[in-house]
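By written order: A, B, C and D. Residues from 1 in each chain.
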Amino acid sequence: MIFTSDNAAGVVPEVLEALGQAAAGTAPAYGTDPWSEAVEARVRTLFEAPEACVYLVTTGTAANALALGCLCPPWSAIYAHQLAHIERDECGAPEFFTGGAKLTLIEGEQARMAPDGLRQRIRIGRSGGVHQVGNGALSITQATEFGTAYSLAEITALTAIAREAGIGVHMDGTRFANALARSNASPADMSWRAGVDILCLGATKCGAMAAEAVVLFDPALAEPFELRRKRGGHLLSKMRYVAAQMEAWLADGLWLRLASRANGLADRMAAGLQAHGIPVLNELGANIVFAEFTYGLHARLEAAGAQYYIEPPWQPETGPAEAPVSVRLVCSFATAEAEIDEFLELIGHG
Amino acid sequence: MIFTSDNAAGVVPEVLEALGQAAAGTAPAYGTDPWSEAVEARVRTLFEAPEACVYLVTTGTAANALALGCLCPPWSAIYAHQLAHIERDECGAPEFFTGGAKLTLIEGEQARMAPDGLRQRIRIGRSGGVHQVGNGALSITQATEFGTAYSLAEITALTAIAREAGIGVHMDGTRFANALARSNASPADMSWRAGVDILCLGATKCGAMAAEAVVLFDPALAEPFELRRKRGGHLLSKMRYVAAQMEAWLADGLWLRLASRANGLADRMAAGLQAHGIPVLNELGANIVFAEFTYGLHARLEAAGAQYYIEPPWQPETGPAEAPVSVRLVCSFATAEAEIDEFLELIGHG
Amino acid sequence: MIFTSDNAAGVVPEVLEALGQAAAGTAPAYGTDPWSEAVEARVRTLFEAPEACVYLVTTGTAANALALGCLCPPWSAIYAHQLAHIERDECGAPEFFTGGAKLTLIEGEQARMAPDGLRQRIRIGRSGGVHQVGNGALSITQATEFGTAYSLAEITALTAIAREAGIGVHMDGTRFANALARSNASPADMSWRAGVDILCLGATKCGAMAAEAVVLFDPALAEPFELRRKRGGHLLSKMRYVAAQMEAWLADGLWLRLASRANGLADRMAAGLQAHGIPVLNELGANIVFAEFTYGLHARLEAAGAQYYIEPPWQPETGPAEAPVSVRLVCSFATAEAEIDEFLELIGHG
Amino acid sequence: MIFTSDNAAGVVPEVLEALGQAAAGTAPAYGTDPWSEAVEARVRTLFEAPEACVYLVTTGTAANALALGCLCPPWSAIYAHQLAHIERDECGAPEFFTGGAKLTLIEGEQARMAPDGLRQRIRIGRSGGVHQVGNGALSITQATEFGTAYSLAEITALTAIAREAGIGVHMDGTRFANALARSNASPADMSWRAGVDILCLGATKCGAMAAEAVVLFDPALAEPFELRRKRGGHLLSKMRYVAAQMEAWLADGLWLRLASRANGLADRMAAGLQAHGIPVLNELGANIVFAEFTYGLHARLEAAGAQYYIEPPWQPETGPAEAPVSVRLVCSFATAEAEIDEFLELIGHG
C-alpha cells in the first residue's frame, strides 16, 4: 500500500526492453544518436509541430529550470501558483538557472492560478522602471500539484494575458500525460495551440527510469537551451539511453495508456474514500487524490503499513484522533487495484 | 512643493564642509584612511558595540544586498514584508547578491510583519529537506516603507523567532534615524539589543550625498563582507569621501536633529491634512505621510505644481473626481515649513 | 573503427542486467533506496573510508562542478591544468556551479601540472587582499585528458602544496579506473591517502549508461553537496537506476577488469602505430593514444571509414599530405581487437 | 613622497566647487537631473557620438563589470591581457556580473595583447560547440596596467579580430585621459573609431572623488545596462553629485590638462631614474613608471619615508642588497615636482 509518489514506481517493461535494445554497440554521443533523432521526429508528429526542438534531460527540476532560464532574464518575475513545484520543491533551481529571477506567486482555487491575480501582478510588474523586476515568464503546471487540471479555456485565458504582456509561457508537464489522458484534447491543443512556448514533458513518473523531454515550440530558443543544458551538466554523453526510454514511452500510445491506468486508479481510490464518507478535496485531473483524514485514521493506516504523505507537509505529524489532517494519495501506472482495495478495506474496518 | 522623496533633497552644509576639508592631500585608498577609521570608532561608541565592524557603500540597495549575501546561502528564504524595499524596489539586487535566494513575503498591517505569519513560514521552511529552500534570514525595515515604525517589542518578537530558527537578522535602516528620533530608544536598543545582526544605516536620504553604513554586530561577518563588497564593485578607492560624509552626519547628534526636523514636518503635514478631512492612512513613524486623496484633488494639486507619487504605483493615473487614490508625501530634512503650508492651503481652497 | 571516444561505447551486460533486476517494484525515491545504500557501503569498503559520503549523478560535468562548488567560494581561484576538462569541455559549468570562481591554469608536460607552477600561482593568490580572488581549490584529473597518469608521488606533491595553502583538492576521475588499473595502488592510495578531498569517480565511459559517483572523503561536505545537487537538478527521483549501474560496475572487480581491457587495447594500438613509424605523443596512462599522423594518412583513414578526432580541435581539418596533424585515439572496454588490427593494417598499407 | 597610486590623491578644486554648486536645492533622483543630462550631452559632443548613452557609476570595477555583463553571455570567454585589472584586481567582479564568463588571458609585451595570441584563442573559442564557452568579448585597457598605451593602429588591429569573430569590445579607460593626452588622437579616434563598443572613462584617478562614465556607443545596450546597474546597487539616488563631478572634470579640457600634468611628472621621474642608471621597464604611455630597483635601494627609500609598491606584488618584500626588485611609481595630477625631485635626490645620494 504505497501511495507516496509515482516516483516510487518502477519501470514499465517496454522501456526496459528498449534500453536493452539500445545497450550494445557504438553510437554518437551527446544526443546526436538515432534514438534522439527519432524522439524529436516523434514529438514533432505527435504535437503537430514540425519545427519544434526536443531536448532530453533526466529530471523534471532540470527541465523546468533550464526552460525558465531560456524564457526570462535575471531581472524579471516568473508568475506561478503558490503551490507550484518550481516554488516549493526544487530547492531554488529556477532561481539558480535564471540567475536570480523572482518567483512571484499567484493564488487560485484548486492550485489553478486565477487570471485576475495574474493580470494584477503583471500590471505591478510594468510599473517600476528599473527599480522593479519586470515581467519575465508565466509558468503553468498541467496537471497541477493538487492533482487537478486546467481546461483548455483556462490555459488559454492565462497565456493570453502573458502574450499581451510580451512574456513567454512555460508548462511544467511532469504529469502532462495524465491531464491529457483525461481530456479530449490533442497534445497540440493542450500545449502550443493553447499558448505554451515550452513544454516540459515528463515520462519519469509514468513508467520511465529518468526521461524528461523539453519541447521548444519556438526553435529560436534552441541554441541558448543547448548551451544552458551543457553548462548545467545535463547533457548526457550516452544520451541514447534517455532517448530510448522516451521513444518507447511515446510509441504506440503507451504513454497515454499508462497515464489512463493511473488516472483510473485514482478514480477508484476517490470513489472508495467517498463511499466511506471521507471528503475528497481536489477535482480529479490526474492520478492524485487529496483527502481529509482524521489523525485517528491516519495513525491506524500507518500502523497497518500504508505509506503516503500528509500534505501540506507542515501539518503536525500527530494530533487528536478526531482532528482533520489532509493527505495526498498518488496512484501510479504500476499500482495494483488490489492495493487500493486493501487500503479502502482497512479504512472501512475502522 | 516637492514631496516625491527625500532623495530629491540636497546636502546638509555640515556634510559639504566636511567634504571640503577632506578634499586635498593624499590619503590611503580603499577605506584605510583616517576618516573611515573615525567613522568606525564613532559607530562603535554610538551603538555601544565595541566589536562592530563598519563598512561604507554609496547606495542603500548595495548595503542591503551585500548584507543579505553575508547572512544566507543561495538555497534559502529571506523573510520580508510584502512591501519591503528589497522586494519591490531593488530590481532583484538581493537575488543577485545572494546567488538566488528566495524572497518570501510576510503580510502584516501598516507594513509591519505579523509574527504569526513569520512563524508559519519558518515552519514551512523547515519541512522540505533538500527539496525546499531552507530558512535563510529575516529582513526588517525600520522605519518601514509605509512610514511606520516597529516598537522595540515588535522588533524583538520577530527577531526571537529568527533566533529560534537559527537565522540571522538584517535591518534595512535607510530611515533608521527617523525611527530612532521618534523613540526614546538608544541606537543599541533599536538594533543589536533587539536582535539585529546587521544594520544598514542610511545617511543619504537625510542629508548626505551618498553614504550608507553597514554595521556588522558580528565581526565574523567582516571578511566575507569585504570580499563581497569588492567583488560587487562597491569598494571605492577614495573612500575617505564617503567616510567624511558619514562622520559629519553622525557627529554632535546632527543625524538625529535632521531626522527630527523631517519627522516634525510630516506631523505638520498629517495634522493639516486631517484638519481638511483627508484620511491619513499610516501611523506616523518617520517622515512620510500616506493619505487618501480623491482624483479630483490630485489633479488640482498636480496642476498647481505639487509633486508627489501615487502609491501603490499601479493605481490608475487618473480617475473620477470623487474616486479615492492613495498618495505618498515625503518630507525631508530640507523641506520648508512654508512648502507644506502652501500645499495645505491649496488643498483647503478646493 | 570507431576511436572517437569511450562515450561512443555501449553498456556492459552486467550493468544492463542489474537495471533489469532493479526495474520493477516500488522503492523509496531520491537516493534513499537500497541500491544507493549498497553503493555507499561498497565505496566505503573499496576505498577504506568508512565515513565517506557517496552521491550519484549522471554526468561527469555535474560531478565535477558540484564538487568544486562545495570546495571553494565564488571569489577564489581553481587551479587546474590548461588542458583540464573542467576548463576546456564543460561550457563553463564550474563557473556556473561555483558562482563565478576563476579557473586559473597551470602548465605542465604531458597534461600533468608542474608543482612549481602551482606553487607560484598560489603565492600570487595570497598577495591581493580583497582585490584578488584568493586560493580556492586544486583540481587534478586522473587519468589526464592527454591519456597520461600522475604517479602517487606526483599527486601527493601537488596536494601537499594545496594543503599548505589551506585549500581543498578535487580529483576528476572520469577515467580513474583506467589509471588505477595500470598501477599497483589501491583506491585509497590514489585518492584520500594522496590528499584528495573529493573524487569524482566515473563509470559512464567504462561500461555504465550514465553513472558517476562523487565520493566526499570529508563528511562535512555532505550537506552542502546534497543541497547543491538538488538545486542543480541533479537529484534523480528514481535514483535506484543510477545506483544499480554503479553497484554492478563496482562489484567483483568488474570496473578494473573493464578498465584493464581498455588500457590493454590502447597499448596494442600504440605498439602498432610505433611499429609503423608513427610517433606516439603521450605516455600511456589510461586507454587513450595521442599520435602524430600526417594529413595524407588522416585523409586516407577517414576515407576508409575510421573515426577519431584531431586534437587539439583547432588544427586545420585538412593540410598538405606530409604536414603533421595530431590525433586522439580512444579505446573502450568494448573495442574489439580486430578493430584495432584493421585500423593498423590500413595504416600499414599506405 | 607618495607614489603608491593615483587613488591616494585628493580632489581637484574645480570638482569640489561643482559639488558645492550642486549641493543645495531639490533635484530629480536616479540620474534624471540636469547635471546628468549635461554630462551625457558633453560626452556625446566630445566623442562625436550623438547617439551614445552615458551612465555614471562610482568605481572602475563596477564600470568594467557592468559593461562586460552587457557584452557577453555567461557561457563565453572574455579575452584580456594577463595583467588586466579585470583579471588581477577586481576580486572576480567580471565573473560575478557576467554570471560566470571565463577570463581568458592573452600574452603580449608591455601589457599589450599580441594580435596573434588573440586570433589563436578566438579560433579555439569557435571549435567547441556546446562543450566549450564561445567567444564573448574583447577587453582592452588603455592606458595599460603597465603604464603603456596602445597606438590607434594596435587597438584597431585587435578590434578588427573581435569584429570578425562577432564579439564586442570593451575598453577599460580608467586612465584613458592619460593615454589620450599623450597622443594626437581625438576621443573618438581612440574609442569608437578604433572599434570600441563600450568605453569606461575614469575620472576618479585623475581629480574626481568617485566618478566613472560608461559610454555605450551602441544605444541598444542602454536598457540592459540600466537594469544591470540598478540590480548591481550602482544607481545612486542623488546621482547629481556624481554628474557634477564628471561635468566639471570634462569641462574646458580640464581632464586633459590634469592628465598631461600627471604624464609630465612621470616623464620627469623616468628621466631622473635613468640619469641615475636605474632601468625604466615600461614605455611611458601614461603617468606610471615601472623601474628596476635593487633591494638595497628599496630598503633605503622606504626607510626615508618614500611610499610605492613593488610590482608584481608576489616578489619577496626583502632580498639581498644587490638583487633586483621591480617597482611601480605612480604620479598623479596632484603630485608636486618637488616630491619627485626629493625622491630622485635620495636615490642619487645612495
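In this section, a contact is a pair of C-beta atoms (placed from the backbone, for glycine too) under 8 Å apart; a residue touches a chain by one contact, two chains touch by 3 or more.
Keep in mind it's a predicted model, so treat the numbers as computed, not measured.
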**Request:** Please identify which chain has its centre, taken as the mean of its CA atoms, farthest from the centre of chain D.
**Result:** A
**Fill in**
Check: interface with higher C-beta contact count, A-D vs B-D, is B-D
**Complete:** Cα centre of chain C to Cα centre of chain D, whole Å, reads 41
**Fill in**
Taking each chain's mean CA coordinate, chain A and chain D are separated, in whole Å, by 51
**Message:** Measuring centre to centre with CA averages, how many angstrom lie between chain B and chain D?
**Reply:** 34
**Asked** What are the residues of chain C that contact at least two other chains?
**Response** 30, 74-75, 90-92, 96, 99, 130-131, 227, 230-231, 235
**Message:** List the residues on chain C that touch chain D in their complex, please.
**Reply:** 74-75, 88-92, 95-96, 98-103, 120, 123-124, 126-128, 130-133, 312-314
**Asked** Considering the complex alone, what residue numbers of chain C touch chain B?
**Response** 30, 73-75, 99, 130-131, 134, 226-231, 235
**Request:** Would you pull the chain A residues touching chain C in the complex into a rising list?
**Result:** 2, 4-5, 7-11, 13, 16, 19-20, 22-30, 57-63, 65-66, 90-93, 96-97, 204-205, 209-210, 227, 230-238, 241-242, 334
